[in-house]
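What follows is a short report on a single structure.
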């Protein structure tokens, strides 16, 4: 596919985004049937952030962040900018000046398969950023790439407009067309867990609450020291 | 060995645990003759924790945390729950609901060769946890494994009742039967280091305090610029 | 080369150190033409540190920190102690007693290709330390090595007296003889970026400020959805 | 998406497969605009194999190869079986008995993001296999997954019917709908390279053949020793 | 435990060794209930080797192969020499002169958590060697360690006299006291697989032979394209 | 330093090259005092090669092999072409057409911190190549870099004219000015080892030949089973 910037994407209904935003990455991942989780190399550069929004994607050549600059032009408030490269590297794709533009535009956060730099500034700016590396290594702005084409990031496909949920556990991607259904399943799961939590606080154990003691007994596992 | 849950283990004398608890991982590791240290992939998910207690072990199949639930049933106050899998992975073996049960039971901390999830909650709970990964990846509860059999965790064998010492440096394992002797050696080492520390604060150098200047001279090493 | 301790090194003009110290690692790395950056495995053990000073180098045998003790003898206030080994490992080369000696001597910070230990103490001491690992693994003090010979650290050559700049982004090395020129280029870059930052805060984008929209158009990249 | 086996896929025109099969992975990757290459962890378990065929995909739970068995049921002669898991691991997903079924069915080769086992047998069978690991670790056959849904394998999306080209360099994926165009571009590239090869054998250099000497001169790079 | 050389170990019945030797690593690993497999970083330095014999263990300090020399003194014909270090490294623990001594003594093979060197010579000697690295890095012979104490090697505990089975798939350890039982289970498994293989060669599929088609149907998985 | 091509380098005396060429990497590394060894990620792409020659260095931008083409212009028969990049990556820096030019020029071999591609062709050409990766990933020819400046490759500094020795064990670098001395030390070491080898073939052990039995006894290590 020839290099291009696709300026317009289908964003999911803001109500659905809001519904998903109430849940953590672990819950959303479970609610999707344990799919869509970026591999654990993707980490926040600061603790305590939690975001949810539609993906704008930026696919770049290795050592080159030209299409990050182009992507900022098409970001809207609440978007999550997802940055990848054609070949993996730790080069610093985003620094303070890029992050500041994102913040001015109202971007919800940035996901980078690659490096972040100026991280002391980035932490102060408090624009949520997840990356696979921290590195001061600079990039050129030379070879055209793509904005808003489907990309693969940390082992998961992300299409423009898919919903990105990210927190201290990492990042999960919800396909746009499944967002409403997943939000519902996550809500059901959360309320179920609240019941379980109350019982646990009262001293009960999941080995009983989930019937696992019986399940293990049925499989021939006993609670005794073997002779 | 067939899957089993061994409910009763030999715990070391609480006085010995108390004696060991006064020392850091680095000191205990030295006092044992530089053995028993888990490899450095094992890291705390929050800074500042320091624990010491007997190990309860849980050996699980990959992608399955069934035996973590079973292990909680046999934990006693002060125990350290050690979780491993038959094949390494980053799956999230412990989340908030498991950690909460451990906390209700008075568990001192959890060591996971694998992933922790719900880490924002885990940090708030303040139950000390060390793991080799942070990942929201969920697990099934399907295949029986083992509770309280000897396991290998990050390159070190851990038997139920062995003493786990963990802090910001990582995790070290003291075989149950050596715990008293190691506590004594650690105390001796700590008091020796106090003397050295005082001299260092007064401006002396270890190169002199340990006789290394002479040692190097004896080996033909000089303090001059080669011509 | 035979093991040796070279006590005297050429340090750059303190004014040049001061000029470089005003800039972050990312800026200095750019000002040098994107060279001299240690690979991103080199990380601070605590956030928020920023140092700049001439390198004193210590080259050790694997699992042995004898020459770290010797290097402390030749450090002067403001120096940065750079520690490497002949074979890579995660062994703990520096602990609290070594760090304390460095602090008494006025050392600006320590860079370790290898492990740091007693990290809870090290963070409290607040002597800036970057390392490639955290590990309690102890070392012997047995085989002579070298102090103040050129070393390679995380993929970059460092000679005694070269200037080390380190912050949350990592570590960059400026060859002694280029320090003045690089400080000047960094200052020029910083002031250029200040202009750009002001425009960004006012809502402009780098895609326009750097002429990238036109550049992409010239390369045939359009801002439209492909049919 | 619920677990399923999709038995029928759109395979590309056999003539297009034949046209692509004449080219190596490096050439096809270039002809696609440097896209579609699986990351270099994907390696053949034996040297000298070269295959080209449409993908049948099998997505499995970690430590479980149930859907590999199901996928064999829908493979046709010339297909390439692509095996991935929801969470990365090195478990042995394919051994001799699976490979033998593939061979009986006329499968062209197998691509595994995960482990191969019985590799001595597999090499003797001479059914081409690429994998990211060699490991005897067995799997269960317990949790349903997916056959012939789009998967991500070593950083690249693969849809059923996409063309897999694999040789000693690794594996590249050509989207089904681009296969004809890429075959043509690869042929053009190959014939261009033949001309260059002849000149190189006659003693010419690419620095002249590609005009790079002039290009470098234009950029101010000279062929002289700096004073 | 103080450094020591334990010269005498309990070796299993030679008949049991012979019975185990008939099976590959993958079969033995399955016959043990999927336990005992060294992690896949342990690889043969040449294809086609297959060994089985009792372990003699050598535990060394990092960068030091003193106890490899000592271990050769207590090896008997048919033994497998298992070499590990207290801290992981890639140093070359075994070269041609050590391998030659092993060969003169009738050692069956060598397993090294660490590096092998002189590998061109080692391949010519044809003494089977598995290692986690190939590296010319030399070692000293300085610090006493242990011969014939229990060690952990690539994630598995190995005690002197335990049976090592190694081939192109990797290395598996059978506890001495389980060797007879595992040999029997392996034989049963092998003969079961022979029946399956014959049916596969005749065109049957494991999805039918193992009843997986029905199992998947029971779980609601259908063989149709979703609408 | 500004991009440049330095066409002329100081090559060591051919007699010295010849003297070094008689020894393996492990011997040369020992003869240098265990220095100069590239880390073990640097591996030959085929077994059985052994080369020795002066380095011509090529330093490239990541994802760009422009300066490889330029370096071929200044290579002379017997030279070893050493290729690195400013930021590590696995991109394929050398393919068949580059290797063929090297072969026409009489280059002894190529060392690549990065990827090789067209490896099936490269193995047939039989031009010795060591690399840290095999990858079909292509590169651009866009940004000027450097030919014949000092580089760091796999953790070791290499200056133009330094002697590269490479075989199945990996790669070692001998500084030009030390080449004669190292050749002599290597020869002494080789002849010493020949004496040892003869005794080993006659059944003696290094534990006796090197006096290690006594050394261990002096350190309190006994050859008895502890009670």
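In order of appearance the chains are A, B, C, D, E and F, and numbering begins at 1 in each one.
Going forward, a residue touches a chain if its C-beta (ideal position, glycine included) is under 8 Å from a C-beta of that chain, and two chains touch if they have at least 3 such contacts.
A quick note: this is a predicted structure, and the numbers were derived from the prediction, not measured.
A.B. asks: Please find the path from chain A to chain D through touching chains that uses the fewest steps, and give that number.
C.D. replies: 1
A.B. asks: Going by residue numbers, if over half of the contact pairs line up, that's a repeat, so tell me which of D-E, B-D or A-D repeats D-F.
C.D. replies: That would be D-E, since it shares over half of the contact pairs of D-F.
A.B. asks: Regarding the chain B and chain D pair, does the interface count as same (over half of residue numbers shared) or different (under half shared)?
C.D. replies: Mostly same residues: over half of the interface numbers shared.
A.B. asks: Through what angle, between 0 and 180°, must chain A be rotated so its C-alpha atoms fit those of chain B, rounded to a multiple of 5?
C.D. replies: Rounded to the nearest 5 degrees, it is 120.
A.B. asks: Provide the C-alpha centroid distance between chain C and chain E, rounded to the nearest whole angstrom.
C.D. replies: Roughly 43 Å separates the two chain centres.
A.B. asks: Could you tell me the distance, in whole angstrom, between the mean C-alpha positions of chain B and chain C?
C.D. replies: So the centroids are 31 Å from each other.
A.B. asks: Please tell me the distance, in whole Å, between the geometric centres of chain C and chain F computed from their C-alpha atoms.
C.D. replies: 28
A.B. asks: Where the centres are mean C-alpha positions, what is the separation of chain B from chain F, in Å?
C.D. replies: Spacing between the chain centres: roughly 40 Å.
A.B. asks: Got the chain E residues that touch at least 2 other chains?
C.D. replies: Counting only residues that touch two or more other chains, chain E contributes 2, 34, 39, 88, 90, 137.
A.B. asks: Got a list of which chains touch which?
C.D. replies: The set of touching chain pairs is A-B, A-C, A-D, A-F, B-C, B-D, B-E, C-E, C-F, D-E, D-F, E-F.
A.B. asks: Could you please specify the touching residues of chain F with respect to chain A in the complex?
C.D. replies: 61-64, 87-91, 137, 140, 142-143
A.B. asks: Flag every residue of chain C that touches chain F in the complex, lowest number first.
C.D. replies: That would be residues 1-2, 33-35, 39, 86, 88, 150, 152, 155-157 of chain C.
A.B. asks: In their complex, what parts of chain D are in touch with chain E?
C.D. replies: 2-8, 66, 69-70, 72-74, 90, 92, 95-98, 100-101, 104, 115, 117-121, 123, 133-138, 141, 144
A.B. asks: If we count contacts the way the header does, which residues on chain D are in touch with chain F in the complex?
C.D. replies: So the residues of chain D in touch with chain F come to 24-26, 29-30, 34, 37, 39-40, 43, 47-48, 50, 167-170, 172, 193, 196-197, 200-201, 203, 205-207, 210, 212-213, 215-216, 219-226.
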